[in-house]
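Per-chain numbering from 1; labels A, B, C, D, E and F assigned in written order.
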Amino acid sequence: MLREEPPPKLPILEASLLRVIDAALEEDLGMGDVTTDSLIDPGWRAEGALVVKAPGVLAGMPVAATVFHRVDPAIAVTILLSDGATVAPGDVAARVAGPAASILKAERVALNLLQRLSGTASETARYVEAVGELPARVLDTRKTTPGLRALEKYAVRVGGGHNHRHNLADGVLIKDNHLEALALAGRSLTDAVRQAKAWAPHTVQVEVEVTALGQAEEAVLAGADCILLDNMPVELMRQAVRLITQRAAERGLPRPLIEASGGITLATVRAVAETGVDLISVGALTHSAKALDISLELSYRVG
Amino acid sequence: MLREEPPPKLPILEASLLRVIDAALEEDLGMGDVTTDSLIDPGWRAEGALVVKAPGVLAGMPVAATVFHRVDPAIAVTILLSDGATVAPGDVAARVAGPAASILKAERVALNLLQRLSGTASETARYVEAVGELPARVLDTRKTTPGLRALEKYAVRVGGGHNHRHNLADGVLIKDNHLEALALAGRSLTDAVRQAKAWAPHTVQVEVEVTALGQAEEAVLAGADCILLDNMPVELMRQAVRLITQRAAERGLPRPLIEASGGITLATVRAVAETGVDLISVGALTHSAKALDISLELSYRVG
Amino acid sequence: MLREEPPPKLPILEASLLRVIDAALEEDLGMGDVTTDSLIDPGWRAEGALVVKAPGVLAGMPVAATVFHRVDPAIAVTILLSDGATVAPGDVAARVAGPAASILKAERVALNLLQRLSGTASETARYVEAVGELPARVLDTRKTTPGLRALEKYAVRVGGGHNHRHNLADGVLIKDNHLEALALAGRSLTDAVRQAKAWAPHTVQVEVEVTALGQAEEAVLAGADCILLDNMPVELMRQAVRLITQRAAERGLPRPLIEASGGITLATVRAVAETGVDLISVGALTHSAKALDISLELSYRVG
Amino acid sequence: MLREEPPPKLPILEASLLRVIDAALEEDLGMGDVTTDSLIDPGWRAEGALVVKAPGVLAGMPVAATVFHRVDPAIAVTILLSDGATVAPGDVAARVAGPAASILKAERVALNLLQRLSGTASETARYVEAVGELPARVLDTRKTTPGLRALEKYAVRVGGGHNHRHNLADGVLIKDNHLEALALAGRSLTDAVRQAKAWAPHTVQVEVEVTALGQAEEAVLAGADCILLDNMPVELMRQAVRLITQRAAERGLPRPLIEASGGITLATVRAVAETGVDLISVGALTHSAKALDISLELSYRVG
Amino acid sequence: MLREEPPPKLPILEASLLRVIDAALEEDLGMGDVTTDSLIDPGWRAEGALVVKAPGVLAGMPVAATVFHRVDPAIAVTILLSDGATVAPGDVAARVAGPAASILKAERVALNLLQRLSGTASETARYVEAVGELPARVLDTRKTTPGLRALEKYAVRVGGGHNHRHNLADGVLIKDNHLEALALAGRSLTDAVRQAKAWAPHTVQVEVEVTALGQAEEAVLAGADCILLDNMPVELMRQAVRLITQRAAERGLPRPLIEASGGITLATVRAVAETGVDLISVGALTHSAKALDISLELSYRVG
Amino acid sequence: MLREEPPPKLPILEASLLRVIDAALEEDLGMGDVTTDSLIDPGWRAEGALVVKAPGVLAGMPVAATVFHRVDPAIAVTILLSDGATVAPGDVAARVAGPAASILKAERVALNLLQRLSGTASETARYVEAVGELPARVLDTRKTTPGLRALEKYAVRVGGGHNHRHNLADGVLIKDNHLEALALAGRSLTDAVRQAKAWAPHTVQVEVEVTALGQAEEAVLAGADCILLDNMPVELMRQAVRLITQRAAERGLPRPLIEASGGITLATVRAVAETGVDLISVGALTHSAKALDISLELSYRVG
C-alpha cells in the first residue's frame, strides 16, 4: 500500500483559521504599534529568517505564513521547512521579505502560534519515538487550549500521533462518572453499552473506561468497540490486555481496541506500549507542552 | 498605606469572557454529547467537587463557574477557594450541584480553562518566591496563548507577578530590530528615544532594549524611561545596573527602571534579581507553563 | 431496562441557538416594525395561542419560546404540548402573554422556526410509522438547511428517527467518488478500508458505499463496520443483505450494519425495511419537508 | 423600453454571503473530513460536473461557486447555465476542476445551497407559469428560512416572482391582529390607515388586510395604498376587486393595488389571478419548496 | 384619535444594541482600567448623578443604562428623565448606585453614547421648533454614523423628527445619478418611474429627485409618489410646489408628497417649510450634530 | 534627523477595518438597493470624482477606497490626494471607475466614513494652526464615536494632533473621582501616585488631574509623570505651570508634563498654549466635529 500513513495537511477552514489569527492580532495590534509607528519609515524594507533555536518538530508553518499575509499582503513568505520536519538549532524554517514595519508588527503573533504548535508536535514526536517500533498509537485528548483545538490536534498528527475524539459528539466514551450514575438507577455497564448502541449514531464507536479487570471483562462481553484502561499500573494493564484478548477469542468476538490513559509520561510510555495496548492517550501533549523556541532574525534594506 | 498591592480581580469584560467560553464550548459540545445524551436521564442530579491534585496557586475560579452557568444556569457553583489561594493535593476548590447531564457536559471546558490559568499562576508564584524579599518584579511578556491574553495576564497577577505591556500600543519598547533599521538610516539610539517621545502618546513610557554597556549608557543619557538588558550574563547585568545608576546620578536624571529578559529560569531568577534590576520578564510563565492538575469528582442523586 | 430510547432533548448550546435566533430576528426586525410601532400602544397587552392547523409532530417548542423571550423578556410563554407530541388541527401548543407589540414582532420568526422543525419531525414520523414494527432505523443525512443542522437533526430525533453523521469528521463514509480515485492509483476497496482504519480516529466507524453485490462482499471481508447499499432496487438489496450476512458468518466476523440509501420515499420505505437492512437514510426529511402549519391567534387586553 | 423586467442579479453583500457559507462549512467541515483526509492524496486532481436530475429553474450558481472557492481557491468553477435557466435532467449546470480532496469537501455544502435555492426558483416558476399571460405578480412572504431570507427572496425573483416586504420595516401591513387591538381602543380601520401614514416613513406604502367586503370598502375610502384579501374564496375575491375598483373610481382615487393571500396553491393560482388581483403571495415558495435534485459527478486525474 | 404622534420607543433588538455597546466597551475597557484597578478597592460603593450641562433633548437613556448593567449587573440605574425630555443645565437625568470601580469603568462609554444621541435629538428639536406650527416634517437622511444608524434614527424621532429611508431597500429614490445614466440609454424620467414600479416591491413608494420645474412636472405626470426638490432656492421651491399641485389636480391624480433637501439650515428651515413642502430632510441632524454635554457626578460610600 | 514627525499611516488591522465597513454596508445595503437594481443595467459603467465642497484636511481616503472594493472588487479607485492633504472646494480627492450599479451602491457608506474622518482631521488642523509655533501638542480624548475609536484617533494624527490614551489600559489618569474615593479612605494624592506606580505596568505613565495649585504642587512632589490642569482659567493655568516648574527644579526632579483640559475652544486654545502647557486635550475633535462636505460626481459610459 502506498499511503498507510498519509502526510497530514492543514485541516482548518480558512475562515476558522482567520478567526483565530484575527483574534490574536486584535489582542496585540488592535490599537497599533506605537514603537514601530514612531520609528520605522513606511518605505523601509526588511528580510527575515525564522530561525529554530531548539531541537524539535515544526508544526504551523502555513499558520505563521497566514499571519504575515494577514498583517500585510505585501510580505512574501518562503517556507523552507514543512510541517513535520525534524529541526535542530540554527535551522531556517522560512524567510520573509517585505515592508519592515509590517514584519515587525506581525512577528510576535506569528511566532506565538508557530512555537506553540511546534511545541505540541515536538512533544508528540518524543512520545512516538519512545514507543518506537511497537504498534501502539500515541493519542491526544480533549485537554486542548480553548479556541485552538483543531490546530493542536493537527499538530499532534504532524508529530506522528493520532487523534482521539474531536469533541463530545464524535465518539461514545462511557466513563466512571456515567457508570456510577447508571448504577444508582440499577443499570450495569452492559446496559450502558447497549443503550449507547441503541441511541448514538451508528457512525461512532462505543468505548468504555474501566479501572478493574472485572469491568474490562464485562465490557468485552457487552460488545464494547474499545476499552480504556484508566490509570492502571503497568502490570495490571498487561493482565487486562491478556484478559480482554482471551474473552473476546472465547466468544468469537473481534478483540476490542484497548486504550491506556492516565498519568503516562515520556518515562513510562514505552512500558505501557509493551503491555500490548493499541492506543495511549496523553493529555500533556496539548495542555503542558513547552513552546519550541523559534525566533525571527531581521536584516534591512533602507531606501 | 493600606493597599500597596491590591488584590487582582477578574479584569475581563463579560462579553469578552463569554466569547472565549462560547468558542471553547462550541469546539467541545457544538453537536451535543452523544455519551451523556444516550445514558444520563435529564432528571438525574449530581453534586461534584473540583479537587486539586497538585500543589500550586488557583486562578480562574470565576471563569470555571461561568462555564458551568453557560452550559446550564441550573448548575449551582459554590467557590470555596478564591483565585490566588495556595493549594495542596486534596483541596476542594469549589462544589457544583445541578442536573447531572449538564455538569458532565461542562466539565472538560471548565477544567481546561481553570487548569491552564492555574498553571500560569502557579509558575509565576514559583518565580516570585524565588525572588523572595528582593524588590524585583516578575513580569509576563506578550508570548501568550492566542485568544487568551487578558486571562493569562490576569493569572500572572494572581500568582504575584506584574504585567508588562498588554499590546503594542501601550508602551514603547525599542528593540535591536528597530535600532538596526535606524542605524542604516544614519540614526542613533539617542535619536530613536527622542523620536519616540516626539511621536508616541505622552501616556506611555519609552523603554530601550540593550545588549552592551555602551548601549545602556547611551540609553540613560538619551532619557529612556526604562532599559531592558537583553540576554546578558548575570555579571554583565550587574555592571549594567551599576553603570546606569551612576550615569543617571551624574546627570541629575532619575534612574531609569531596569528590566532583565532572555532565558531566565527558576534556577537563575534569584541571581538575576540580586543584580539590582527592577523587573524580570519571563516568557515561560505563559508560553510553557504546565497545567495545574484539578479534577471533578461527582456523586449522584437519582430520582 | 428503563431507557432504551431516551427522550431527545434540545441539544443546542444556548449561544448557538441564540446565534440562529438573533440572525433571524435581525433579518425581520433589525430596523423595527413600522406597522406595529405606528399602531400599537406600548402599554397594550395581548394573549395568544399557538394553534396547530395540520396533523403532525411538534418540534422546536423551546426554540419558539426563546424567540419570544429574546424579543421581550416580558412575554410569558406556557408550553402546553412538548416536542414529540402528535398533534391534530385545533390543538393549542402553547400560550403567550405579554406586551402586544412585542408578541406581534416576535410572531413570524418564532413560527418560521417552529413550523420548519415540526415539518421535519412530522415527515420523519411518517417514515418511522411506515417502517412500523420492523427494526430498521430511519436516518437523516447531511442534506440539511445551511445554518440549521443541529436543530434539524434534533427534529429528526424528535420524530422518532436517528441521526447519521453530524459532519465529515464524525464517521468515515467511503463513497464511489473516493473508490474511483483510489482505483486510478491502483488501490482497492479493501485497501481503502484498511487505510481509513489506520488513519482515522479509532472512535469512528468505517462505512463503505456499494452499488453491487461484489463490492458488498469485498466490503465485508475488508472489515467495514457498516455497508451502505446505494440506490439498489429492493430485490438486489435483499440479496445484498443475505450475502453480507453469510460472508460475515463464514469468516466469524460480526455482521456489519447495513444501510439503505437513495431515492427512498414514504411509498417504498416499508419494502426497503423488509429487506433486513438496519438503517434507512432519507435526505428529504430535511431538504424537502413541508412546514407544519401553525398559527398565532391573539386576543387583547387594552388598558 | 429595454428593461421592463431587468434580469435579477445576486443581491447579497459579499460579507453576508460569506457569513452564510462559512457557517454552513463550519457545520460540515469544521473538524475536517476524516474520509477524504484518510484516502485522497493531496496531489490528486479531479474534474466534476454539476448535473441536474430533475426539471426546474436554476438559482444560486454564484453561491455554489463561492462555496467551492471558499474551501479552496484552487478550484476552478465554470458556470455553464446561469441563474434563471430552465433545466431538464441531464443538463450540466457547471464544471469544477481542481484538487480532488477540496472538491469532495466542498460538494455537500455547495449542493445544499444550490438545491434549496433552485427548489424555490422552480416552485416560483411553476406558479408564474400557471398565472400565464395574466398581469398578476407572484409574490413571496416573510415565511423564509431563518438566516437565508435575502438568498431565498433572490431565488423567487430568479423564478419570475416578485418580492413582498423584506422585513417589518419596509412596508406597512395592517393585519387583523392590529385591527382588533385598535378596535378595543375604539379606533377604526380608517383611523389605522391615517395613523400609519402619519407615523411611518413616507417612503413605504400602507397596505391593509381585509376579510370582508365591508372592510375592503372602508380601506379604499381610508386611502390604503394596497388591500390584501385574506383567505377569501375566489368568488368573494372577484366581488372585492370589483367593489374596490368601483369605490375608488367614484371618489376619484387611484385604485389601490389588490393582493390575494392565504392557502393559494398551484391548483388554484390561475383562478385567483383571473379575479383581477394584482398580487398573489404564496408562503410555500420559501417554507415548503422541494429541493431541486442536482448532483456532482466526478472524474479524476491522478499523477 | 388618541395617538397621532405616538411616543417613540427604543426600536433596537437587544442583540443589536449589545453589539454596539460591547464593541464600545471593548475599545475602552478591553484590557482593563489600570487606574481604577490600582486605586479603587473592589468593596467601595458609589452613587452618581447624570447631570445635564447644556440645554437640549435627552435621547439614549435606556442605552446608557444598558452600558452600566453590561459592565456590572450590580449597578442600579434609576432613570429620572425619559428620552424626549427637554432639559436644562443642572437637570439630573438619572442616578446610578453600585460598586465604585464598575461605575468608573462604565462612565465614558455610557456618556459617549448618551451625549451623541442627545446631540442628534436636540438638533432635531431645534429644526422642529423652527418649523413650528407648519405641517412640514423634519426628516433625517442616510448620512448617519457607521454602525449607529438605528440608534441615530431613533434619536431623530425622539427629537420630534421623522425618518426617511432606513436603507437602500425600503424606498425607491431616483436621483440625478440614475436619471443621467438612463438618459444615455435613451430613457426618460417617466420611463424610470414606470420601470421602478414594475420591478421594486409594491410595498415601497417611488420618489424622484428633481432640480428644475420641468422635471417636477414630468415626475407628477409619470405618477411619482413623492418628489424631492434638490438644492432649489426657496422661491423656485415655492413655484415647484404650486406647479406640482396644479398638474396633479388637472389630471385627477393625488398630489405627490414633496420633499425639500440640500443645504437647509436652522436659519432657512422655516422659509423652506413656508413653501408648502411636506418633508424637509437635513443631513446635519446626524452627520454634524454637537454632542449634548452631560456628566457623571459621583459621591462615595466607603466601608 | 529625517523623520522627527513621521507621516501617520492607516493604523487599523484589515480585519478591524472590514468589521466597521461591513457593518456600515449591512445597515445600508443589506437587503439590496431597490432603486439601482430597478434602473441600472448591470453592464453599464461609470466614472466618478470625489469632489471636495468645503475647505479642510482629508482623512480616510484608504477607508473610502476599501468601501468601494468591498462592494465590488471591479471598482478601480485612484487616490489623487492623500490623507493629510489640505483641500479647497473643487479639489478632486479621488477618481473611481467601474460598474455603475456598484459605484452607486457604495457611494453613501464611502462618503459617510470619509466625511466624518475628514471632519475630525479638519477640526484638529484648525486647533493646531491656532497653537501655531508654540510647542503645545493638541490631543484627542476618549470621547470618540463608539466603534470608530481607532479610525478617529488616526484622523486626529492626520490633522496634526497627537493621541492621548487609546483606552483605560494604556495610561494611568487619576481623576478627582478617584481622589475623592481615596480621601474617604484616608489616603492622599501622594498615596494615589505611589499606589499606581506600585501596581500598574511600568510601561505606562502616571498622570494626575488637579484643579488647584496646592494639588498641583502635591502631584509634583509625589512624582507624577504628568499633571492635568482641569478646567482652570488661563491665569490660574499660567501660575500652575510656573509652580510646577519651580517645585520640580527645587527637588531636582524632571518637570512633569503638563496637560490642559476642559472647555477649550478654537477661540481660547492659543491663550492656553501660551501658558506653557505641553499638552491641550479637546473632546470636540471627535465628539462634535462637523463632517467635511465631499460628494461623488458621476459620469457614465453606456454600452
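Here is the rule we go by: a residue touches a chain if its C-beta (ideal position, glycine included) is under 8 Å from a C-beta of that chain, and two chains touch if they have at least 3 such contacts.
The model shown is predicted, which means the values in this text are computed figures rather than measured ones.
Both chain C and chain F are touched by A, B, D, E.
Set against the C-alpha centre of chain F, every other chain centre is closer than that of C.
Centre-to-centre, using mean CA coordinates, chain D is 32 Å away from chain E.
Averaging C-alpha coordinates per chain places the centre of chain B 45 Å away from that of chain E. We define each chain's centre as the mean of its Cα atoms; on that basis chain C and chain D are separated by 24 Å. Annotation for chain E: residues touching 2 or more other chains are 2-3, 6, 29-32, 37-39, 41, 150, 166-167, 169-173, 185, 195, 198-199, 201, 204.
Chain pairs that touch one another, listed by label: A-B, A-C, A-D, A-F, B-C, B-E, B-F, C-D, C-E, D-E, D-F, E-F.
Taken together, the chain A residues at the contact with chain F in this complex read 18, 22, 25-26, 29-32, 37-39, 41-42, 70-71. Of all the residues in chain D, the ones that touch chain F in their complex are 2-3, 6-9, 11-16, 150, 166-167, 170. Chain E makes touch with chain D in their complex at residues 1-6, 137, 162-166, 169-173, 185, 187, 191, 194-195, 198-199, 201-205, 207, 226, 252-254, 257, 259, 278-279.
Taken together, the chain F residues at the contact with chain E in this complex read 20-21, 23-24, 27-41, 44, 46, 100, 104-105, 108-109, 111-113, 115-116, 119, 142-150, 167-175, 177-178, 180-182, 184-185, 192, 195-196, 198-201, 204, 284, 287-291, 298-300, 302.
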